[in-house]
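Below you'll find the structures, each written out as structure tokens.
Next come two complexes, and both contain chain A; in the first it sits with chain B, in the second with chain C.
Now for the complex of A and B:
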């Protein structure tokens, strides 16, 4: 199994991705917003899920930048702050024209999970009087007119568990009818699909959906397609295919051995 | 402790020996395990303008024109593999020792964690303890500076905190009853914190049960509201759909089939959890259909979980082969 993952990485094996309808739904939500819309991105994951979720988070960031959306970053996980910083680094290095406070802003971690969502649903400043660098929200051009969550056009949640997408659905999307999309770990994905389409406008499940999202962005924005950093999820799908093929092969082989042994009366 | 099997040890010994040889080759032929950085200088100078808070407004200036009263600093960005040789040749990049040491620590800890595949061992235990310890320490620091100071102390002692760490704070001027109510609102949580920490005292540990009970009660009530609204009522509403679906006025077979399947799956899975009637006859057969739908769901979850774990392994191997060993050719 180790070799089936390692060899494709070393050989840089990758396969073409086709954008599924589920991924297209998420892409269209961001794409169809008027340029310069307000997008809240909550990165509710930590380094333990970075390999699976960061490519997705970075794809959301690049897509929002390409559309010129105003991005409001926050996290409900104490170790989520460095994950947000990685997206801010991407903005600063790949979109140097975007200005902190005018095009993107970061709020610090706040404890409380769903309570944080409930509070900012009615009053953003009650939870975040300052941004992460200690500047009053009234001083920043992009936050001075924002009162609460309901001023956001879309909520993007990248989630590895609790608090995460479920809490955003329960305390933001459902009570305020806010358009919300989610990118989540594979473990959570089957639990999130029932929320589509009423409570979630779309779900990206695991690295496969992240790769499809990268593909959707690449088709629409060729300048992003030429950036190797923007192909992280697609790169990880090579090892996925080989490893999964090996696993399916081993399962079939095991079953074949089992049935042959049973036929011979050994099992 | 279970002794690792001989074959496992042999396989992993081979893997580690091959890895060590590759590392030696790489160290001698490339810039393995090195992080090179380029500096970017920044400078800000104070202007005559003031903001709404009465504070000075600073503006960005060309770093070469900075004088003594200005604020200057330098940030360093890691040089991408493709640009490395050119930047080193042109003396634009310099070797960053702190980042290089960090890279080696990250690589070593990754290998220590992976060594659990051979069996439980001191290296794995050391790495595990480091992860738990550093995570706990990091969370504590984040908790103090992102939550405790701005949310509690800044409300109890606004002017002191504003002057000390949060100059951007603009506390509302309160007087009389308003001020008293504001204080009470934050003194109660402060008392609850002290009660919670009482658990660490040699006696009177029971005092900590009160804030824990309050916390659990409030959380349960709060979550119940969200669950009823979003998971019960909204899902019931979403589950009641017409089975006869049309698109542009024409019967849509596949859409109808989709909603029919959703309805059957929901009802049959619910029947399985209905234990007041014995699962015999029609009820028993319906419950079995429910089990099948649940098994398909669990299978999908398992498949997704495997995908997630392979993605995590791929990310660590990409780090080891790419950032650390430089085996992956730059594109």
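Now for the complex of A and C:
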């Protein structure tokens, strides 16, 4: 398993990606918004899921930047804040024209999970009177007119568990009819499909969907395609192919041994 | 009184949230209840931390099996707590340079940031990465076509595993006629996720939702008091 993951990484093996209908749905939600729309991005994951979810989160960030959307970042996980910082670093390094407080803002982690969502659903300042750098929301151009979640055009949730997409569906998307898309781990994805298309406008499941999303962005925005940092998910599809093939091989081998030993036992 | 007070709090808070959902005029009550939740959550966090330390201190003092791990837990707990509370190494917030403790505790260069970067990130990533090895050995040892159900699971897993990679396309593209492209593993994976998976999960979710409503009503009406613990 170690070699099946390490060799493709070291040899930089990559494969072409086709954008699936599910990924296209998520891409279209962000793409079809008028430029400069308000997008809330909640990064509900921590370093344990960084390998699987950060490429997806970064793809959302780059897509929002390409469209000039106003991005409001937050997290419901205690260790999610540094994940958000990585997206802010991407904006600062790749989109130097975007200004903090005018084009993107970060709210710090607040404990409470679904209660945080419920509170900001009616009053953003009750939970976040200040941004993460201690500035009042009334002093920031992009937040001074924002009252609550209902002022957002889209919610993007990148989730590794609870609190995460399920809570956003229950306490934001459903009661306020807010368009919500989710990017989640492979383990979570099957549980999110039942919410499509009413409560969730689309789901990106794991690194495969992230690679497809990168492909969709690359097709629309060739300038992003030439950025190697914007191909992180695609780069991980090489190890995924070899590791999955190995697992299928192990399953077949295990079953072959099982049937042979059962036959010998019967004989 | 010991049971009546918490029971009353649960009933009042629960019904307030329900009423506020249906009648927007009661929204302010709901906001107040949620403010209280935030305050109580902080208290619960202190209680949780205290309980954790009490349990591990007991284990260390009795030198029970694995007491060394408890020692590590206690040292790490107080280490991070002290570094975080005192904001060791945290520069002041650039907006408030005169206030020494105004900096963000996870700011680059701070003590908690160092712990995060050099301890939490590698440890949690390592735990997650270990799953790959467990899954690989489990695939070899446990995935057996012992009966029809297990065979179905096995075939589905095989299709999804390959369908989530380029192999799902590459294995079929060269020879499969265009009219049969739906048989490609990536397309079959999409169908599995959209049809059987969604149908099954919806049924489970509806069942859980009905169970949750029933249990919640029992709690709110004071019929189920098990959450209050034993006297």
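Convention: the second predicted complex is superposed on the first by the 265 of 267 C-alpha atoms of A that agree within 3 Å, B and C clash if a C-alpha of one lies under 4 Å from a C-alpha of the other, contacts with A are read in each partner's own complex, and residues count from 1 in each chain.
In the analysis below, a residue touches a chain if its C-beta (ideal position, glycine included) is under 8 Å from a C-beta of that chain, and two chains touch if they have at least 3 such contacts.
Note that this is a predicted model, so its numbers are computed, not measured.
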Checklist entry - Taking the superposition as given, does A:87 touch the first partner, chain B, the second, chain C, both, or neither? => result neither
Checklist entry - Which holds for A:122: it touches chain B only (first), chain C only (second), both, or neither? => result second
Checklist entry - So, A:251: does it touch chain B (first), chain C (second), both, or neither? => result second
Item to check | First (chain B), second (chain C), both or neither touched by A:243 | outcome: both
Checklist entry - Between chain B (first) and chain C (second), which does A:23 come into contact with in this model arrangement: first, second, both, or neither? => result neither
Next on the checklist: By the touch definition at the top of the document, which applies to A:136: first (chain B), second (chain C), both, or neither?
Outcome noted: first
Next on the checklist: In the overlaid three-chain picture, which partner chain does A:10 touch, first (chain B) or second (chain C), both, or neither?
Outcome noted: first
Next on the checklist: For A:180, using the defined touch cut-off, is the partner it touches chain B, chain C, both, or neither? Pick first, second, both or neither.
Outcome noted: neither
Next on the checklist: Based on the A-chain superposition described above, do chain B and chain C contact any of the same residues on chain A, and if so which?
Outcome noted: 2, 5, 49-51, 79, 81, 108, 111, 115, 118, 134-135, 175, 186, 189-190, 194, 205-206, 208, 240, 243-244, 247
Item to check | Contacting residues of chain C [partner chain A, same complex] | outcome: 21, 27, 30-31, 34-35, 37-38, 41-42, 45, 93-96, 102, 104, 106, 116, 120-121, 124-125, 127-129, 132-133, 135-136, 139-141, 143-145, 154, 157-158, 161-162, 164-167, 169-170, 186, 190, 193-194, 197-198, 201-202, 205
Item to check | Complex contacts: residues of chain B adjacent to chain A | outcome: 15, 51-53, 77, 135, 138-139, 142-143, 146-147, 150-151, 165-170, 222-223, 226-227, 229-231, 234-235, 237-238, 297, 300-301, 303-308, 310-318, 321, 327-329, 331
Next on the checklist: Considering only the defined contacts, which chain A positions touch chain C in the complex?
Outcome noted: 1-2, 5, 15-18, 20-22, 46-51, 79, 81-82, 108, 111-112, 115, 118-119, 122-123, 126, 132-135, 175, 186, 189-191, 193-194, 196, 205-206, 208, 237, 240-241, 243-248, 250-251, 253-255, 258
Checklist entry - Can you list the residues on chain A that touch chain B in the complex? => result 2, 5-6, 9-10, 12, 49-52, 78-79, 81, 93, 108-111, 114-115, 118, 129-130, 134-136, 138-139, 167, 169-171, 173-175, 185-187, 189-190, 194, 198-199, 205-208, 228, 235-236, 239-240, 243-244, 247
